[in-house]
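Shared between the two complexes below is chain A, which has chain B as its partner in the first and chain C in the second.
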Partner chain A sequence: MGTYIVRRLLLVPLLIFGVTIIIFGMLQFLGPIERSALYVRDFPKNDKQIQGLIKKYGLDRPIYEQYWRWLTGVKDPISGEREGGVLFGDFGYSRTASQPVINIIKNRFPNTLDLALWAVFPMLSVGIWLGVQAAVHQNGWIDQLARIFSIVGTSFPTFVFGLLVLIVFYANLQWFPPGKMSDWVSVLLYSGDFKQYTHLLSIDALLNGRIDVFLDAMRHMFLPILTLSYINWATFVRVTRSSMLETLRMDYVTTARAKGLKESVVINKHARPNAMISITTLAGMSVVGLLGGVVITETVFNYPGIGKAAADAAQQLDVVTILGFAVFNGLILILANLVVDIMYGIIDPRVRLA
Partner chain B sequence: MAELLLDVQGLETRFKTPEGIVHAVNGVSFTLSEGETLGVVGESGCGKSVTMLSCLRLIASPPGEIVAGKALFLGQDLLKMAPEEIRKVRGAKISMVFQDPMTSLNPVMSIGQQMAEPLLLHMGMNKEQARKRSIELLELVGIPNAADRLKDYPHQYSGGMRQRVMIAMGLSCIPQILIADEPTTALDVTIQAQIVELVKRLREELGMAIIWITHDLGVVANIAHRVAVMYGGYIIEEAPVKELYANPTHPYTLGLLGSLPKINASERTRLYSIEGMPPVLYQKPQACPFAPRCTFVQERCWKENPALVNITPTHRVACWADTTSGSERL
Partner chain C sequence: MTSTAIPTGDNTLLKESKSDRKISRVERFLGPENYRIVVGLLKTPASIAGFILIGTFVLIAIFAPAIIPPVGNDPYRIPRDGFSGEPRPMGSEWKRNVPEVPGWYKLVTGKDEWVHLLGTAQGQYDIFYGLVWGTRTAFRTGLIVVISTFLIGIIIGSISGFYGGLVDNIIMRIVDIFMTLPFILMALIMAAVLTPMIGKTLIPSIIALVSFGWMGYARIIRGDILSVKERDFVLAARVVGVRDYRILFRHILPNAIFPTLVLASLAIGDVVLSFAALSFLGIGTQVGYADWGQVLSFARNWITSLQTYWYIVVWPGLTLVFFVMGWNLVGDAMRDVLDPRMRGKS
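Take a look at the complex of A and B:
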């Protein structure tokens, strides 16, 4: 297992290179003036200043040199401080939000993470459970139910489902509010009595022992979680079901039955771990989707996550910010891939020992 | 006379497929006595595997369904047993070894884990005892460094070794019947011979009865006491092995034996030399299923399906023709 992980880790720089080169390629569609926003806050007013900036940040240099500078930044000749450098987390300056892109990420990402964290549990547990049950009782009522569930889920666009939920539970029943937190919670956050250990509101609430804050956070996240889970369940149930059906046809499942094992042991110990191999990829991709910010869901529920920030930036054609998010997403994708690969190694000895 | 272990009567199994109902087994009857080895031969798709899987109720349902028959094991009908009762038979009293050792072992469980399962389940052993016994069993089937290899996974074993593991696993609870479903088909010739010798040796040591399913008439001659020939979901001829080879009676059996080279019997022999294709039966045949391919075919063969009848006390055959004279049997 150790050597397997090391081998996978060695791939990471290569992947980072791949992701960054693609995004850097996209940057080349912008003119040097716009690209200067990667380094400076104010757009230059006159030609002379522009030329100065282009010189200073080497925006007229050969492309490989520019790429390197984009990755690692430029030393300011006077102050000696580094400016730019996506590898150091400097993704440029967002004109529309009037702050460095990294600050937006720092502010918004914990909210997305908070949401993703709570959405993952129902998504994986219910999705996989239902898929397994549907396969085991093929053509039974639970299978039919799962199939309907899955068809409806796949054909229901997020914004329709989200709006529907919003109308019913917020507008009509007024059970669950949109947004991130109630006013009294935001007052509490600024008061300093509430320690923000992780910046994930629900987790911090638990760490502070504030059940009321936790419940408020959950009340706000409930509808987005419901929407995200539901939309993802559809795929999860389908993939788990077909993967499980395929596994149940395998010879080793018959071998297990021929040993006299109970059906529950055959399914849970012999079939399911094998079926999990293909589900792991999907789970990884769904988590990446959640962490990258779920633009539509966050927008519908006015939830201040990174997806909503991206949507706002895109609406105002803030290219630098969008590309900054793209780099960030790319890095998350690489990380998630690594986790998925390690999971493979844990599940499948053929991978681990190959 | 040796005790009757297995008495299968009129077994019928069907599969519901999108193309229609496949009549895979159409009323198969056979017996197996203590210490006896029954060879089952026939072309691909003739229902050999489905017959044996049906006896242990291991066919997938859906799409499979056992629609008629009995499978008496020591007088008790396996087809009517409660699920927890038949689980006590599977792996403990009747165990199976399958055709393809590459796919018959669970790829994500270690050999040790998989070997331990029947021992923990049926023999009341604890983990340590099961481990010790697994090592003994692996040594019995000739796996070197057995103790070290328990923690390995199937992909770290070769095909022949995996089949040895399957056999060791099948024998672990010292069953009364071992059903070997083409256990050597996927292996190369020298390994095949080793496996056959291994099973013969273990049969002497443990004294179990064996049902050996195969395409290979050479292997059957080597290992079986009695042979049943299947075609289209029926047993069409059955006799002690010497009798069958000396007096093959059914045209299909004649065809099979005609394809067996006499000079170099150790060479692999396949059964594909009879003209035509074996049928996939979407209807239960009203006529003899072999008629379209039969060189002895008579008018009656197209109208009535012959029953399996005794022509000597130990030799049964299902055919209207007298293949020695070419006329109709009376």
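Take a look at the complex of A and C:
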């Protein structure tokens, strides 16, 4: 296990290098003046300033030198302060939001995390349960239903599904509003009576013992959670079903049946745990995807997470900002993938011994 | 290589198995394995339904000018009936920029004047026109993206699989890195980077989808090439001294390409979906371009009053769903046919 983890850890710098190179490459489409937003707040106004900036931040230097500066930042020779440097969390300055990109991330990421936290459970449990049922009753009505469901699910674009549930549950029934919180909750947040321990609204509400705030948060998150789950269920059902079918045909399952075990024991104790192994990868990927901010779902429901921020920046063609999100996102993904892989190694000995 | 069959001169067995069943010209052209895939696709009810859906959209795309004739010089600009911000309901009167009235319209509705069949979106863009002409946009972008990603994937995957070793290792790690990145976010960024340079056309989104969409094909073709390159005829070609690129492109690739080709052609649905997603997020074509995602994106401003303006979501939404579903139905059948574990079962 130790060597497996070490081998996997050695891959991390390589991944960081690859991801940052791609993003840095995209930055090169911009001119030096636009790229100066990586380091300074204001657009340079005259030629002299422009030349000064280009010289100070080495925007005319060879590309590998610029890449290094972009990664680690530039030390001011007088004050000794570091400017820029994405590896140190300085992603530049967002002109459209008039604040450093890292501040947007600090404000928005807890919201994305909040949503991801609550979306994981229904997404995994229902999807896997349905897939197992479909495989156990192969070609039965539940299987046919699951297949139709999965095809319809994969054909429904996130934004169409999201808008349709908005028509039903918000526009017509007025049950679940879009956005993040009701007005009275935001007033409460600013009043100071409500302690923000984690900055995840639903968790903070529970910690403060405010059930009403918690319910309000849930009411706002219900439709995004439903959309995310629905979109992912389709894939989970399909993968679980085929993996389970494969496992059920294994010899050891026949052995278990032959020695007279109850069908429920055969399925739940013998077949399912092994079928789960291939689903772990998919589950890991989906959870990691949720953390990265779900651009479309957050945009449809006007949910103020990282994805929505990225979409807003892209719409206004604020490239430095959105590339900042991309770097942040890439780093999160690499970290989360590492955790998933290590967990995968714990679950499946074949992986770590390979 | 390890065949132990001894030639006896008696070939009655061979003759019998040949006379067993007629081999059609199509089968001979495609080869037994590929023929099985095609027949499998044409026999599944789900994929037939898919083909019907796709066929309908092809017809709509071809006959777009007959269904609703263009107004003005650029047929891809949706005609505007005024400039009011508020959408107007289905069947409302069409006053300005009215297209000619085609024959089928008189037959079906019995009227001589166009109305807004599916209503207008914000800015008085006619939804029906946008959807009909948007079908052409969908096929166009879908085909361009699929062909480009397919070619890039084939070239990279073939090189990787054919040369193996270090080259393979490096290329596959690059593929891994590209696959780590979230697709929609990266495509969004790429399109946003390119838009100021190229302008608000289809091209930035197309380039964005191509740059982050080729990895899957590279992986699949690599696997197929790995298995084909071990076959005897490749060895034979090597022995007679055929050059590397010729072995790869004339001997191996034609024998390995078919499954990837079919998968790629079915990916049009997914590509159109991603393209619509980019348009929906406000990246891509100019406002008023006949493009499904564009038509849908108008709905973003009316979320609070969708009970009145539901038609600006439902019609473009359903169009997109049916289009993608057509491809998915065929693709799902395809996956079953291609799955080696399912072989010999149908």
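The rule is simple: the second predicted complex is superposed on the first by the 347 of 354 C-alpha atoms of A that agree within 3 Å, B and C clash if a C-alpha of one lies under 4 Å from a C-alpha of the other, contacts with A are read in each partner's own complex, and residues count from 1 in each chain.
Criterion: a contact is a pair of C-beta atoms (placed from the backbone, for glycine too) under 8 Å apart; a residue touches a chain by one contact, two chains touch by 3 or more.
All values reported here derive from a predicted model rather than from experimental measurement.
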Review point. Is A:14 in contact with chain B, with chain C, with both, or with neither (first, second, both, neither)?
Key: second
Exercise for review: Could you tell me if A:268 is touching chain B, chain C, both of them or neither one (first, second, both, neither)?
Suggested key: neither
Review point. Who does A:186 touch here: chain B (first), chain C (second), both, or neither?
Key: neither
Exercise for review: Report for A:51: first if it touches chain B alone, second if chain C alone, otherwise both or neither.
Suggested key: neither
Point to revise | Which of chain B and chain C A:350 touches, first, second, both or neither | key: first
Review point. When the two structures are overlaid on chain A, which partner does A:251 contact: first (chain B), second (chain C), both, or neither?
Key: first
Practice item. Scan A:144 for contacts with chain B and chain C and give back first, second, both or neither. Key: neither
Exercise for review: Could you look at A:125 and tell me whether it touches chain B, chain C, both or neither (first, second, both, neither)?
Suggested key: neither
**Study point:** Larger contact residue set on chain A - chain B or chain C
**Key:** C
Check your understanding: In the complex of these two chains, what residues of chain C are touching chain A?
Key -> 46, 173-174, 176-178, 180-182, 184-186, 188-197, 269, 273, 276-277, 280-283, 296, 299-300, 303-307, 310, 313-314, 317, 320-321, 324-325, 328-329, 332, 341
Exercise for review: Spell out the residues on chain A that touch chain B in their complex, using ranges where they run on.
Suggested key: 138-139, 248-252, 254-263, 269-270, 273-274, 277, 347-350, 353
Practice item. Note which residues of chain B are touching chain A in the complex, please. Key: 53, 56, 58, 60, 62, 83, 87-92, 95-96, 98-100, 103-110, 117-118, 121-122, 153, 155-156, 166, 169
Check your understanding: Quick one: in the complex, what on chain A touches chain C?
Key -> 14-15, 18-19, 22-23, 26, 29-30, 151-152, 154-160, 163-164, 166-167, 170-172, 178, 246, 289, 292-293, 295-296, 299-300, 302, 307, 310-311, 313-315, 317-319, 322-323, 325-326, 329-330, 333-334, 337
